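Next come two complexes, and both contain subunit A; in the first it sits with subunit B, in the second with subunit C.
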Partner chain A sequence: MEALQTLSWSDTWYLAPELVLSGFAILLVILDLLLPKRINRNVIGWLTLVGLLVSATFVVLLMLSLGDGTDPADSTPEFYSLLGGSYRIDDFGNLLKLVFLGASFFIVFSSLGTVRDTDVPVKAELYYLVLPAALGAMVMSSSGDLITLFVGLELLSITTYILVATRKRNRLSSEAAFKYVVMGGVASAFILYGMSFLYGLTGGTNFAFIAQGLGSAIENFEALLYICFFLMIAGFAVKLALAPFHVWAADVYQGAPTPVTAFLAVVAKGAAFAMLYRIFMNSAFLTPADGSFLQKDVFIALSVLAAAAMIVGTVGALRQKNVKRLLALSGVANAGILLTPLAINLTEMHASLFSEFIYFLIAYSFMNIGAFSVLTILTRDSGNESISGFAGLYHRAPWTAVAMTILLCSLAGLPVTGGFMGKLLILFGTFQTHTYWLGAVILVTTVISYAVYFSFIRQMFMRSGTVDAKLKMSVPATITIWVCTIVTLVLGFMPVPLLEGIDHIFSIPADLLVIQG
Partner chain B sequence: MSTFFAQYAWLVPVFPFAAFAILTAMGKGMSKTGAWIGTIATFASLVLSLCIATERLSGNAEDYSNQFTWIEIGNLKLHAGFEVTNLSTMMLVVVTLVGFLVNLYSQGYMKKDERISTFFAYVALFTSSMLALVLSDNLLTFYIFWELVGVCSFLLVGFWYQKPEARAAAKKAFIVTRIGDLGLLIALLLLFWYMPGHALDFTTIHNVFDSQGGGAISTGITTLIALLIFLGAVGKSGQFPLHVWLPDAMEGPTPISALIHAATMVAAGVFLVARTFDIFDASQVAMTTVAIVGAFTAIFAATIGLAQNDIKRILAYSTVSQLGYMMLALGVGSVTGAMFHLLTHAFFKALLFLGAGSVIHSVHTQDIREMGGLGGKMKITAWTFGIGALALSGIPPFSGFWSKDAILTAALDKQPILFVVGIIAAFFTALYMARLFFLVFVGKQREGQHAKESPSVMTIPLIVLAILATVAGFVETPFNGWFGHWLTGGDAEHHASGLVMVVSAAVGLLGLYIGWLMYVKGTIRRDAVSSRMPGLVTVLERKYYIDELYQWLFVKPLQGFGKALELFDEYVVDGIVRLSGYSVSALGRLNSRLQNGQVQTYALTAIIGIVILIVAIAGRRFW
Partner chain C sequence: MLDNLPVLSLIAFTPLIGALIVLLLPGARSNWLRATAIIFTLIPLVLVLLLFAVYEPATGGGVYTEHSTWLTIPLNKEVLDMKLQGGVASFNLAFDYHLAVDGISMPLLLLTGIVSTMSVLASVHIRKRWKTYYVLFLLLLTGIYGVFLARDLILFFIFFEVTLIPMFFLIGIWGYYGREKAATRFLLYNGLGSAAMLISFLILIVTLGFSVSEGSNFLYSANYDVLLGNLSDPNALANIDTGNSRYFGFFLSDNARWGAFVLLLIAFGIKVPIFPFHTWMLRVHTEAPPAIVMIHSGILLKMGVYGLIRFAAFLFPEQLQSWTTVLAVLGVINILYGAILACVQREFKLVLAYSSISHMGIVLLGIASLEEVGLQGAIYQSVSHGLISALLFLIVGSIYERTNSTNLSDLGGLAKAVPFMSGILLIAGLASLGLPGLSGFVGEFLSFLGLFGSMKILTAIGVLGILFAAVYVLRSILSITYGPLPERFAEMKDARFIEALPMITLAALIVLLGVYPSILTDLMQNGFNGLLEQIQTRMGG
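Now for the complex of A and B:
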């Protein structure tokens, strides 16, 4: 291993998105301190949006500067490796960063004007803490080293612990934050413990190093490797809220302010997936398959977890009346679906695993943010978080009800929506790899989930609510809802451009595997 | 030649579709304006169609087609597009012309209906789909619009849904044509499977089957495909044995009967066979089937028409019978004859229906036994209806004579028996038209009926159609094969046959004469037949008991089967559903048990979970 390379000035260009976020975060903290009390903290919200946008612009610029590897004569590198290979700028990271930044943007945007001071007394914090959280997620998706991964994870986790607690006067919120800290700590402990085995057995924290050491490790310490991977699986399962590690999610989602819930459901979950891909593609996937069942067993375990998450999440949602808890369980089921491409594809690899994953992640992000935005407006109006709060929505705000119906159809995986297309692609993947049982689980749980989502539609269209007054909408939230709805429809009707775009810039050897780095 | 207007042919269906969209969006509050929107949109289509026709009249215009890739999955590509040929141009003109006149007429006829804007919206949607069907350059989009016109027909037949008969008729029309559609769908799938490159466009179909003997597709499969396509045509064009829906469809408003169930949609079956004629041409069996079914339907429906008393039903059976003629023409290989008859029939049958509508509008009954002597009060209706009747009966020089002559000549060349059947059917046609005309317009007036002529929005279309019914025949006479040459590009296939002309004119006149003797002069008693052979008349009145037969053969057993399935569903399927629902909610209860709010439990669950996972996955290696 070369001596630890220090950060040079030229590297700042590659780190520009991350640096922008941290710069804005620090500035906004100071600004919040200095601004007089009477000034509406929405200013901070708008500045947060600016920060996210600037960062996203840099990500796009970096993406454009990367070669796509299709033309051998093209000498532009397909990725940049910084800091001795511990940080990587590649298309895997960049695509996910865009998703995270976009999701954060819409979450902050839609909460402008909908979050009440009485509910969240520290509104400014709600806005600017999104920045370090997104930064953590970006670090996780760009790491080439276990240490950076873990630092990113902790940055994200700790920030979200605070975010969950921002409803300071709400007992549920404090309880949620406390539970989240405990469970998050448990998860980090599992992951860190697992990582320490990986380091101990291979002698390195860098993925390139780990990959080299795996061969001998498996010969001599197979049992320890098993423990290593299963510990990490357990830790990630808690982070991703996979069943049976999901029980905290409902409490935390319910206690957190709704925008934060959306952030947990989309960004925090996506980042954990990014980390999972990074670690498992560069370790477990590379263990020799002959002579040891390790690789197979790890991925069977992931498949089983995926299936369990789908089943438990869907079934649990059936009986749930609180919308935020319900969406938490729906998130559990969706995490199972998101895990499927990774779980099935590695044993018999087929090249589309990442496009399946990211397609559904994008669709999932938009439909969730849209649904949470509708929920934010409704709870602000009535304070009612139960599903009966949707009663008569069609009569109070017909267009919002229509948008919500489309979003729900997408969550349920009905054609022609992004959720449908994404599920379909993943389903095709299970067929291609002959993992029919997992495909069957997807199908069955999807059918059961119709009952969950249709109960919303029934409430909105067929029940009359207690209030008949027109629903008061806020402009940013309305825009967010419609952007999400339209994107959901576009993803359903025209999947090809995005898929082709992903396939065009993404290649597994350059963007997922770190060995040659 | 110039294809300037042809490039914009796609606009022809767009106008009525826009009208449909506007009418639907605006809702009910615009009865008068709504009617005009529909009419103007159709008029725009008519103008454009006429422009296209004019630039193609020279006879050697190139076909214009334009297509784009619609769906692309892997290396499978589906194209959609439109094609302007002389055949489709003719159909464009027919559909937009009749459509426009019917729109105009409906302004008077439907004036008092409170859902008038819905009516015009449906008509616009129908017109649009029918035009798109005509323009389709491939079988797949053709099929989509084929189904869409079926849906519109369903909506319009059941337009007066307050009447149970209308509801039943709409359902019947839809279900019976679906049987044919299924055939067409299977044919489409077979074609997709067997065609080189999975092509479904008409040009490729033409090329593949035209060079039959190249053996791209075996004769057996060709016959199968042709017969299945024909099944679709049988359903849509009301051929025996799927003709039963068409007379019932007369429950819809009369302008609809004129537009959909006489001039355009029912002719789509004929158009389909003509469009895919190369497939039929490649299979002798299919051709013979088409000819026999056509000839049989022609005579079969004509005999039923003799014994009906509802003015619209008589015309409906006449439509079935005339469509039979067109099929006969196709079966004996004369595309020109079929399309020519389609053209003239569209005009005179639309005229007859609109005339009948004018009568119904005035006397508020459809039973011809309750009418009489209307000719004096409704001069324009009577005269134009008379012209239509003469054209239908095949009396020279009206258009029907020439087109029927073309078919009969072709039949005589091919198979004399078919010719004889055609002649007999022509005799019956003249007879029932004479009966209809004389009972309604001649004789003494009924008491208590205050008939008066319809308003001019209704009579103007009648006059225009009457002129067309008179002169349209001259585009193709035994002495002038312009139409046939224009349509098929071949040499005139229609050669003069003195025998055919004399015989067909003679039986037409004979039919009218006997009708006159029976219903005006009274020389032959009206019950001359029914008193001697009451059984025969009853059989005809009951339409050969076909409906009853179907009731016992299909409807009842299917209902029984449905009952059995319902029981199965109620006890077996629902039982399973209830069981799974119960087990799912039991699981859910267990889940909420875990969710007790104690963070210790959560952590413990996580630990137990991972232990189970490790034991299960890794442990299975050891036993």
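Now for the complex of A and C:
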């Protein structure tokens, strides 16, 4: 292993998105302290948005500076590697960072003006803590080393523990935060323990190093590697809320303020997937092809987890009446679907796993943020988090009901929406690899989920609510809902430009695998 | 004159444009809304009629085919390139925008045009939320036309699913007392059917749809014609057994063929509906508003028939041929089960629902025959049943509006109060029981005739259904129209013009098809050639 590089000043350009976020986070903490009490803390919310936008701009600039590898004469590197390969700026990381930043942006934006001081006394914290959380997610998606990965994971986790607890006067919130800390801590311990085996058996923490070392490790210490991978899988399953490790999700989602719930459902989940791709694509895939039982078993375990998550999540959601708990379980099912492209592994024919994954992740982010924004407005209006709060929405706010219907159709995977296209691509992957059973599980659970999502539609269009007054909408939330709805439709009707773009810039050797250290 | 127009796209998408226009109109102006909806239902009807006028069975409507690439999704080719040591020019998954008509879809398009127009006229009985109603109605129409026109598996699937969502709302908002349950059940059953269909389609796309064209363009295609072409091409990868590994391989094994075939049978069997999958449709028949049942019973069930012929029969002739007996038995069960239960119902809508099951059984017999006569009979029976049940539910709607009941024991003596409507009801009933000279007879006759060649006993048992049909039809019509007129119906008014117009039109068409069947049979002349040829070559080889 080469000596640890030091960071030079010129490298800060590559880290600009992360530096901007941490800078803004520190500034906003101080600003919150110094600002007089009477000033509305929405200012901090707006500044948070500025920070996220500036960071996203840098990510885009970095993406543009990277080569796409299609032209051999083009000498622009396809990725930058910092600090001895422990931090990587590549298209995998950049795409995910954009998703995380975009999702965080819309979550904060839609909560401006809808979060009540009585509910969240420390509103400023709710806003500026999103920055370090997003930073953690970004570090995870950019890491080329187990340590960096773990640091990112902990940064994200610890920040979200606090975020969950921001409804200080609410017992559910405190309980949720406590459960989340305990479960999250246990999961981190499992992951770290698993990682320590990986380090012990290969002698390094860098992914490239691990990938090289695994070949001989597998011959001598197969049993230990089994323990290592299954410990990590268990830890990841908790973080991703995959069944049967999902039980915390419903409680935490319910207790957390709604914007934080959306953040957990989208950003925290996406970051955990980034971690999965980094580790599994760099370790399991590169072990001797077709030969190792370990490789097969790891991917079978992932497939089974995905199937279990879909089944348990969907069936569990059938009986839920509380919308946040319901969306938590629907998130469990969707995590199963998101896991599927990875679980069926990379093969000659099925090499598009990353575009399948990220396409559905983008669609999933928008439909979830849209749905959570509608929920935020409704709970602010009535304080009612149960599904009956949607009753008569059509009469109170017909256009919002229409937007919600489109978002729900996307969640249910009905055409022509982003959710449909995303699911179709993932399904196509399962059939390409002849993993018919997993495809069948996706489809059958999708049909069962109709009953879940259409129960909202029944409430909105076919029942009359207790209140007839027009629903008071906040402007940012309305804009968010419509942006999400329109993006959902565009993703359904025109998937090709985005997919072509991803296919163009993304290359497996440079972006997914960390071959060159 | 149609040559320069994308006429098929116009047929499919004018209702959608109509839906958008209705969306922009003020909701309080019910007349404007209705007029717009009627206009945008009429435009596709006119286009279909024009198409019908210039349609040449010999060329099979090929002139009007519209084919362009729709979604060409790039797949990552790096690993494939590495494996094959370079030279992979492109690697795509392509969904085409491919619309076409032929002898099978043409009659069903005519049926759709006619029944939808009658249904939009019958929507006068809708009393609330007109705007939403007409938007959904027009959306539904786009879905239905699309289903009958699409020739790309994914395009077909999308149109098929697009019909589900508006139907869910139309049943759930404007239906009767048990509407929400009926809507949910409709959605779940049909969703399961769609899931089965998508599994089958995806199996076909990753095997039959795969090809490597000149210049190393690797392509998965969902185009129906490509699949059909690869099916009969002995050099297609799907027909060469190289053993499928999990990672590589495109062989469509016998097991996979059977799996895909059975899944298609389930998918479309739910829609038809075939016996054990029929419970959802009973609820829809009784709970949905009559104008929507006209569409449902008149057209949507026929999407199942169409799918069975277009996909199950054309793509899997071999499998179908070895399962003709199964299909015929299922058909006979449908006929008898429906007919016998229809005899004991007290609710007129349920009588009609069970009679639909019975009549769709006859369609199955026609398909099971795998002979030109029988297959023509199946389509003919579909069209005829579509018209008859549309007419019957039109009358049901009008009666319910006046009496607030369709229970046989509540009704009676209506012949005195509403002679015109009772007369039309009698015509529809007689057509339904298969009286010669009306359309029902021709369809049943052709189907039974087709099957008689191969399965005499089953045909004979099936024909029993016609006897029961006479019993249940006459029983219910008699108890509605004959007998003393209850006091409370004395003031009843006969059909208004807006109600009478569709009734007369449908009745006239039923008579026309009854006395002049070649209108439709000529259309279908060459529709089944491809299928029958395939069966013959397989029999020969």
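Operating definition for what follows: the second predicted complex is superposed on the first by the 510 of 517 C-alpha atoms of A that agree within 3 Å, B and C clash if a C-alpha of one lies under 4 Å from a C-alpha of the other, contacts with A are read in each partner's own complex, and residues count from 1 in each chain.
The rule is simple: a contact is a pair of C-beta atoms (placed from the backbone, for glycine too) under 8 Å apart; a residue touches a chain by one contact, two chains touch by 3 or more.
Not measured: the values here are computed from a predicted model.
J.: Please work out whether A:L443 is in contact with subunit B alone, subunit C alone, both, or neither, and reply first, second, both or neither.
T.: second
J.: Which partner does A:F230 reach: the first (subunit B), the second (subunit C), both, or neither?
T.: first
J.: Once the two complexes are aligned on chain A, which partner has more residues of subunit A within touching range, subunit B or subunit C?
T.: Comparing touch counts on subunit A for subunit B and subunit C gives C.
J.: So, does A:L361 touch the first partner subunit B, the second partner subunit C, both, or neither?
T.: neither
J.: Applying the touch criterion given at the start, work out whether A:L425 contacts subunit B, subunit C, both or neither, answering first, second, both or neither.
T.: In the superposition, A:L425 contacts subunit C only.
J.: Output the subunit A positions appearing in both contact lists, the one against subunit B and the one against subunit C.
T.: Touching subunit B and subunit C on subunit A: residues 448, 496.
J.: Going by the contact rule set out above, which residues of subunit A touch subunit C in the complex?
T.: Residues 346-352, 354-355, 409, 414-416, 424-425, 427-428, 431-436, 439-440, 443-444, 446-448, 450-451, 454, 457-458, 461-462, 495-496, 499-500, 503, 506-509.
J.: Can you list the subunit A residues touching subunit B in their complex?
T.: The touching residues are 178-179, 182-183, 186, 190, 226, 230-231, 233-234, 237-238, 243-245, 247-248, 250-251, 293, 297, 300-301, 304-305, 311-312, 315-316, 318-319, 448, 496.
J.: Flag every residue of subunit B that touches subunit A in the complex, lowest number first.
T.: Residues 72, 584-585, 587-589, 591-592, 594-595, 597, 599, 601-603, 605-606, 608-610, 613-614, 616-618, 621 of subunit B touch subunit A in their complex.
J.: Give every residue of subunit C touching subunit A within the complex, in rising order.
T.: 71-80, 83, 93, 154, 157-158, 161-162, 164-165, 168-169, 172-173, 179-180, 183-184, 187-188, 191-192, 194-195, 198-199, 202-203, 205-206, 220, 244, 246-249
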